[in-house]
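So that you can tell them apart, the chains are marked A, B, C and D in the order they are listed, and the count of residues begins at 1 in each.
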Amino acid sequence: MKKELLSPTNFNVLASKLSDVLVKALDAPLGYAINWGRVWSLWPVHLETACCSVEFGAASGPRYDVERFGIIEAFGSLRQCDLIVVQGTVTRKMAPRLRMVYDQMPEPKYVIAMGACAITGGLYIDSYNVLPGVDGIVPVDVYVPGCPPRPETLIQGTMLLQEKIKRSKIR
Amino acid sequence: MASHPQDFRFGGFVVSLIWLIFWILVIVALVGLPLIFIILFYVPLPEVDGEVLTPYLFLTSILYPQSAIPVIETLLDTTLFKVAVFPGFTYAALIAAATIFIERKFLAKMQLRVGPLYAGKIEGILQLLADGLKLLSKEIIIPSGSDKLIFWAAPIAFVATAAAVVALIPAAPGWVVADIDVGLLAVFAILGFFPLIALLFSWASNSKYPFIGGLRALHQLIAFEIPFILSALSVVILSGTLNLTEVVESQIQSYWFIFFLPISAFVFYISSLAELERIPFDLPEAEAEIVAGWLTETSGMIYGLLQLGSYIKTYALAALFVILFLGGWAGPQIFPAEIIPESTEAVIPVGELYEQTDANAVFWFTLKTFGVIMLMLLPRGISPRIRIDILLHTGWYKLIVLAFINMFVALALIYGGVLGPGGLLVR
Amino acid sequence: MTSIEEKFEESKRLGLQIVKESAEEDRLMTLSVGPQHPGSGHFRFVIKLDGDYIVYCDPDPGYVHRGEEKMCEYRNVIQNIPHLERPVIHDSANITYSYSLAVEELVGIEVPRRGQFIRAIASELNRQVYTLYWLAIYGIFLGHSTMFMWPTGDREVIIDLLEALTGARVTHAYNIPGGVRNDMPEGFRDRCLSQIRYLQKRFKEYEDIFYNNPLFRQRTEGVAVLSKEDAIKLGVTGSVVRASSVPFDVRKAEPYDIYNEIDFKVQYMKTGDCFARSYVPLLDMQESCYIIEQLLDKMPASGEVRAKLQPNPKGPPGESYRRVESGRGALGYYIVSDGTPKPYRVKISVGSFRNMLALPFLLVGQRLADMPAVYWSLNYWPVEADR
Amino acid sequence: MSANNKEELNKVAAGSQTKHSSSTSDDTAQQKQQQPPAPSTQPKQIPAKPSPPSATAAASAATTTTPPPPKPSLASPPAKTQPEPPPFEKGLVEQLKSKFGDMVKVVFIKPLRIKIQVEPQDIVGVASFLRDSMGFDHAESVAGTDYPKDNQIEVVYHLGSYSREELAAHILWLTARTNKDDARLPTLINIYKSVEYHERECYEMLGVYFEGHPRNERFLLPEDWADIPPLRKDFRIKGR
């Protein structure tokens, strides 16, 4: 019986149990902490595709200060950013650039489609130079409707994104 | 195997922790402790204050904390503690973190906003933690065609260089990592590495905007190095030493040097803004012109490290300003002789580690440093970015001349017998 | 000071021939500024650098070209209003103003007097909204983040006014052929006056923190001078041409609606540099405050605000070209009608598109650091230029 | 500055008073608004819907060599139907007429707006005269219109003036028509620098090749655009 207890298989079981407990103890809080960090530190890339950029700019102004949520809009380089807010209509000339920007950003990255034009093409759905929505180009996390969406709507969109990040599994 | 973060519950977390502690205790008791005792049997134990450091002492100090004091005091005297904790890295990093947070709130208030608010419930106090955690978990992109060795090494070198400057800064009498006789000279020697790192990094990025940013950094830092050194030189003339601790002591003997050398202090302030690439002089990172300057290709923790390094540098230069012009740790004695009256019989022996003068010095030094840091943050809210030709012109022509003017003033003070050994104003 | 022809030749030579020969090309560094660049917006220009100097600049607009002019041909004149104001949503009252004027001329609508006043008030308020946003971006382009935040915040004040007036935050669709969509709300006059007073107070603070800042002065004064002759030749408009000592303002030159009853000065400056181009909009805003006060004073107390319209308004075949002074200069609509409710051809002549011509002309020979200062001083809104 | 402005103000205000006083009285305005376009339609031929009752467009489309017959009908109807052709505008037209004679067809004269039409080969001469002698120093826009009924494309240069104060309110429409199948016009870039981008846009949107323009290239549309120019009438947008 003693032999059985000290056999290598049992030791392996013990070790795996131990590592299981360790992983259980570390993974959940670590994932929670990193997700918490991602939730409160969303830096959008400076890519303006159309007229919604006016409202996007207004959202960082004193009245709708999005820095409250940890969103800083002043980043120049897309390498430091983790959020694209597609600000309105995406034309056929802009579409390859949008995809290029998305590809160059580091993981994890999120996309908010802001405005009716970014969602479906909106008012310009029958124009010859406008894409019917950006979800054919980049994977969209949150759709923010409106033409243009008010800054409050945009803030609500980012809060929905935060909810989504909280629920997501960390890689 | 790994549980989903979605199911994260505090109860489960505690249970798993207790399990973990249980297993650790079992293993330590069964394996660790016997092993330690076997080793200790053969190894000669260190002696502190005539008392042999045995494992029993540690166990005793749980019940009688006073007995651990000599050990802690020895620990405080080691270089490792100084490098890692108090005047060294941890202290500087804490001040840097506080600086970033204060900068964001201060700037927001100046712009009629509130700044970070929700991360960490109370006024967004954990905003920096969130940013740090996110940057830690971010992917790091190495541009194709880049010089990988330099690209990886540069951020570490940047932080290390910034920390090396911090090592030379005395925070209180005796509290300095490297108390060398050419302290001031060494500070400038180390500061000279920063443009090199910026240029190397920008070249290694294999991209156009970083390259322009790196060249700008080189131009700017070289243009401001000379007025920077010249403005500190007049302090050296007045104090007669290059040792930073002695510089402070000579100010304690007379008056703060900012009263004699206001122009030098101004030149030093402007030059340190330029050294730090802060806003009127943030040409190497000018967003609207060259995307993010030499930081364009940085991502994830590389960016985080560079930011940390630059804010540690901010602390170092602010502390240098305090030491050179604001009398260092000099200040009225406001701390009482004993922090807890009759603490000799108290269970927690803070009183014996507490030294009146040191606490006072650290307090005043930190306070003044924060004051100078606030002064360095201020231009970001009220000033646009300067252009490179104006900047170079300012550095090479105006500031050097100003620094020379005050150097002559310093010389006149020395030879006029006002300051210096046996001077009029020397107490 | 080289003349305009020489500069054009120089840029052409540098741009077109050297690239082919590539003899000196190694010297030059080509930078693509935009569309993802903090200093460009929805726009790209390719510049070539010789050291720190820009020797060649080629604008590449069209990233927001949405085919407005083609879309107009498929909708009737009223349906056209919502999408026509999208090119410049923060100046939407002005961009529909000249459209309304042109349609009224074609269809033959008489606007009631009160409607004319309210229309002018809406467009003047919207000019403030536009110019404050422009000023905010100019601030952040020069690295002055406080100057971004202050006008952005003060802009909300006027946006609140316009929201009370029109019901929408930025896209008002308020100025329509025949007048305005609805009457003023109760107590609008007092509220408007108090906000205007507040804004006038803030303009002084802007001058203190931004325009009188020595660093700002150093960066903009004497930079990228556009002389009067060159400005006329290039056909630039709005604050750009007024900064080059051409006192041209459509409100004064060709007064539409009730602007001939309003007493105001055309603000212009004589230096033609970046500073003048950035200062004239502020003067315009101040003048606009006086105009609003006068409009509120002279407005008839009651009356119709909108002429009766047919459900599908159409006029006889004809053409019209009407323009107004928008935030970016003269904004004209050339509408050809063939007698059907849908316009046969609509051409939007916008100030941004005209001012873009000055960009390569002014940028060639400047330093790289002046690029955002020169670019945004042209009062250029890329979405409007692309249409 | 202010005195100068005041003077200008008075002048302009006086000039525009007439215009606006006419629009205040309802009945006359209605009449005027409705009547002038009617004559102008005949010569102009803009509307594609009412098929060519116009001799001019048909003639110009066919041969482009016989302007005289329709010309009197062009000049006279505005004079007849418009009770008071604005004297200043008329003076401008007279000046043009005296210089170029029949080369310049006057399509209509409205207050502050004059539309003239020239043959493509004459446009450079007329434009340089307009700039040098009459003070129209810049182009506000260049608009092209497609008339598939006539198989023609009309290019309109909206010319304005900064340097002559009395012309500040005026826009002169200089138009030329070109065959749609091989749409070519001489460029005006050597006379008006300001048309550079407008002509590029016109080339792109309507396919009018401007001879002598250095850059007849892609401008607003995407680089891979492979369709016909979008503002031509035979280009249909999707779903319509």
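By our rule, a contact is a pair of C-beta atoms (placed from the backbone, for glycine too) under 8 Å apart; a residue touches a chain by one contact, two chains touch by 3 or more.
This one's a predicted model, so the numbers in the text were calculated from it and none came from an experiment.
The chain closest to the protein's centre is C, with centres computed as averages of CA atoms. Relative to chain B, the chain whose mean Cα position lies farthest away is D. For the interfaces A-D and A-B, the C-beta contact count is higher for A-B.
Put simply, the C-alpha centre of chain A and that of chain D have 52 angstrom between them. Averaging C-alpha coordinates per chain places the centre of chain A 34 Å away from that of chain B. If you average the CA atoms of chain B and of chain C, the two centres end up 48 Å from each other. Mean C-alpha positions place chain B and chain D at a centre distance of 71 Å. Each of the following residues of chain C touches two or more other chains: 37-38, 62, 65, 67, 70-71, 74, 140, 145, 148-150, 153.
In chain B, the residues that reach two or more other chains under the touch definition are 111-113, 287-288, 291.
Of all residues in chain D, those touching 2 or more other chains are 221-222, 230, 235, 237, 240, listed in ascending order. Pairs of chains meeting the touch criterion: A-B, A-C, A-D, B-C, C-D. On the chain B side of its complex with chain C, the touching residues are 107, 110-113, 208-209, 212, 279-280, 282-283, 286-291, 380-390.
By the touch criterion given at the top, residues 1-2, 4-5, 8-9, 12-13, 16-17, 20, 23, 26, 29-30, 33-34, 36-38, 40-41, 44, 46-50, 112-113, 115, 137-141, 143, 145-146, 156, 158, 160, 162-163, 168-169, 171, 173, 192-198, 201, 205, 214, 219-222, 230-231, 235, 237, 240 of chain D touch chain C in their complex. The touching residues of chain D, counted against chain A in their complex, run 221-223, 227, 230, 235, 237-240.
For chain C in complex with chain A, the touching residues are 35-38, 41-42, 62-68, 70-71, 74, 82-83, 86-90, 133, 136-137, 140, 145, 148-150, 152-153, 155-156, 169-171, 383. Contacts from chain C toward chain D in the complex involve residues 4, 8, 12, 16, 61-62, 65, 67, 69-71, 74, 105-106, 108, 110, 231-237, 241, 246-248, 252-255, 260, 265-266, 268, 315-321, 323, 330, 332, 334, 336-340, 344-345, 347, 349, 353-354, 356-357, 386.
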